[in-house]
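In the two complexes that follow, chain A is the common piece, with chain B as its partner first and chain C second.
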Partner chain A sequence: MSFATRGFSGRRRAPDDRLPPGQTLVQDWPVLSAGPTPHVDTADWEFTIRDETGDDHRWTWDELLALGAEDVTLDIHCVTHWSKLDMPWRGVSLDKLFENVESEHEFVMAHSYGGYTTNLPLEDLLDGKAWIATEAEGEPLDPEHGGPARLLVPHLYFWKSAKWIRGLTMMPSNDPGFWEQYGYHIYGDPWKEERYW
Partner chain B sequence: MSAQPVAPLRRSRPRPAWHVASVVETRPETPTAARLILDVPTWPGSDAGSHVDLRLTAPDGYQASRSYSIASSTPAGRVVLAIDELPDGEVSPFLVRELRPGDKLELHGPLGAFFVWRPGESRRPVQLIGGGSGVVPLYAMAAAHGAGDDPSPFRLLYSVRTPADVFFADELAALAGQAFGLDLVYTREAPDGWPDAAGRLTRETLAARTIPAEQRPSVYVCGSTGFVEAVASWLQDLGHSATDIHTERYGGL
Partner chain C sequence: MTHHLDGNVLAGALSEVFTTDVTAARARCGGCGRMSPIAEAMVYTDAPGLVARCAGCDQVLATVVDAGDRLILSLAGLSAIELRR
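== the complex of A and B ==
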């Protein structure tokens, strides 16, 4: 139903086919969150994957890093219409964390320090598509941006990349997380503009 | 995005949808901001604090979308936005300077079911804390409170550069009274005769001019990231629970 608004021409940059529909390129890194920023010391930080047997797979900060972090350069897309391209990140691939996790369940609820949750299909976390990120743009992650560690799932809108990540719980159905219960899309593919439901 | 307990699903709120809006009036709100009064016949109404995605299309099909808080809205009627011009912005300078009555644009909404206040839902007092144009969704809450008979005590602490930069100055002054406390902090220039020197909001001022933590207010904070980070951290120092603090930030686009 789109129509032109009189007088608007916009200030587009050269078209970039890496920019999903409805997104605008930013150079800075905006911050969005629903509540106060938790401050978690890496000495106290722990990451847990819980499967349906109740078994916890648990890592301390040093144990996480000992799995081997990798440097990746990727694009991130926020549901509030900004994208950042070619952003350098460092993190541990979730393939390494899931190596010894046996589960029949196909969905995951990500839990954060502070209580935030977001739901994802397990397959979106595997095969080199997701990380526990500890650095961005060459620096340790600021608490504002989810430090000490956040989930990084760049092919989905960025609210799925839970800040202050604390653990993942396997679940049999795709139950909605925090923003998903407040009307945001259950999956969140930026290329299909899956912003809201 | 972060950090709150999960609330039960609410299915009663209007589903977001695309709407065509016609500009009824635009007028200066502050030296850098404009108030847009839009006619949106299909609008379903919205909770105070929610926002819209506003989309502009150029003649060649190029589109730009931005999110803006709703200052007020009525079903099948008016949607009021207040837009601050971002220096070097792409969309806000157009909205603030170029838009005229009769122009049409697209809105997607209402959006956001978390940073909202609904009359009659809770008896807890409400403390609003706004910085600059971050006051817009808070003004919507204060106006919704003023328009109904919800007995919750309301208070707004509003940090603003100068008297000329106050959004909804007349409306806020008219709402102020027994049920709604209005506290202004001027950061650059205070009015003549103002008891406090102009200066940035401090933790001491925050403590003195807000509902104390013992009364368990629901707190809504909106402003720049620096403002929100500082205020949310002070609120926790003052004894407010993280789960009572709702935050929203502007900026980035």
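== the complex of A and C ==
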């Protein structure tokens, strides 16, 4: 009788086990964009969290980095069916940014330079699950990939990881962002293939 | 570099759901009011869907999402479309 199973040894899972359903592994990093690429200088960059009191919590580029960036290696999954594994990123945990934010609201709208938006439950941004990313693969983020900074929420389809992030607004309800209005799933879990409405 | 095509690229997807060639139709942008053929829009194709933007003000005029067995179309950025009989 054999009861040895994959995963029992504690070794890292084989790449196929790390691909959500319907995804294909890529080695390059495709650029997707729904509009013109904004070019934002770090000297002008600002990040804001707005709560229901209307109070803004603001960080300049230097203030963001002063919170302490960390290196993480993770897998990303695009809703257009590609996944990229073991990708090195550097960013500031959202836990640090939300440390002094008091809000009763459970949802967040992410806003980008250029006008893009995407909605997320607040709990998906906390407890080490999300970052404001400033580097990928050892380099500062290119504007085409969302630089100078993008949201990084790797456990959801990558359209949730808003490029050119400029702020988060707390919301009492889970209002749809850009792609969520136009046909994509309100949550976007790649392991459940939550692609469309 | 992020690039875009003109509105003619919408013709294939829209021909699945419209009996007339909508790309030839004139339409008014709900943002700046510009009146022009859909074919003159700037369409971003390297995206999770087709995104047509006004050539005058960049506002999103229309989106097309291919959801496999469904096509999800938004024309929310247009205030009107002129369809010839």
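Everything below uses one rule, namely that the second predicted complex is superposed on the first by the 182 of 197 C-alpha atoms of A that agree within 3 Å, B and C clash if a C-alpha of one lies under 4 Å from a C-alpha of the other, contacts with A are read in each partner's own complex, and residues count from 1 in each chain.
What we mean here is this: a residue touches a chain if its C-beta (ideal position, glycine included) is under 8 Å from a C-beta of that chain, and two chains touch if they have at least 3 such contacts.
Predicted model only: the values in this text are computed from it and were never measured.
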Notebook entry, point to check: After lining up the shared chain so the two structures overlap, which partner does A:D17 touch, if you call chain B first and chain C second: first, second, both or neither?
Noted result: neither
Next item on the list: Based on the superposed arrangement, let me know which partner A:T117 touches: chain B (first), chain C (second), both, or neither?
Entry: first
Next item on the list: Please indicate which partner A:E104 is in contact with in the superposed arrangement: first for chain B, second for chain C, both, or neither.
Entry: neither
Checklist line | First, second, both or neither for A:Y196, with chain B first and chain C second | finding: both
Notebook entry, point to check: A:D86 contacts which: chain B (first), chain C (second), both, neither?
Noted result: neither
Next item on the list: For A:V26, select first, second, both or neither according to whether it touches chain B, chain C, the two together, or no partner.
Entry: first
Checklist line | Touched partner set for A:D41, first chain B, second chain C, both or neither | finding: neither
Check: Which chain, chain B or chain C, is in touch with more residues of chain A?
Finding: B
Next item on the list: Take the contacts of chain A with chain B and those with chain C, and give the residues found in both.
Entry: 30-37, 78, 80, 144, 159, 179, 181-183, 195-196
Check: Which bits of chain B are touching chain A when the two form their complex?
Finding: 1-7, 9, 13, 16, 18, 20, 53, 55-59, 61-67, 90, 94, 98-100, 103-106, 108, 111-115, 225, 229, 232-233, 235-236, 242-243, 245-247, 249, 251-253
Margin query: Please output the residues of chain A touching chain C within their complex, sorted ascending.
Written below: 30-37, 78-80, 144, 159, 179, 181-184, 195-197
Note to self: If we count contacts the way the header does, which residues on chain A are in touch with chain B in the complex?
What the structure shows: 1-12, 22, 24, 26, 28, 30-38, 78, 80-82, 112-117, 144, 159, 163-164, 176-179, 181-183, 195-196
Checklist line | Contact footprint of chain A on chain C as seen in their complex | finding: 1-2, 44, 46-49, 51, 53, 58, 60, 63, 65, 67-68, 70, 72, 74, 76
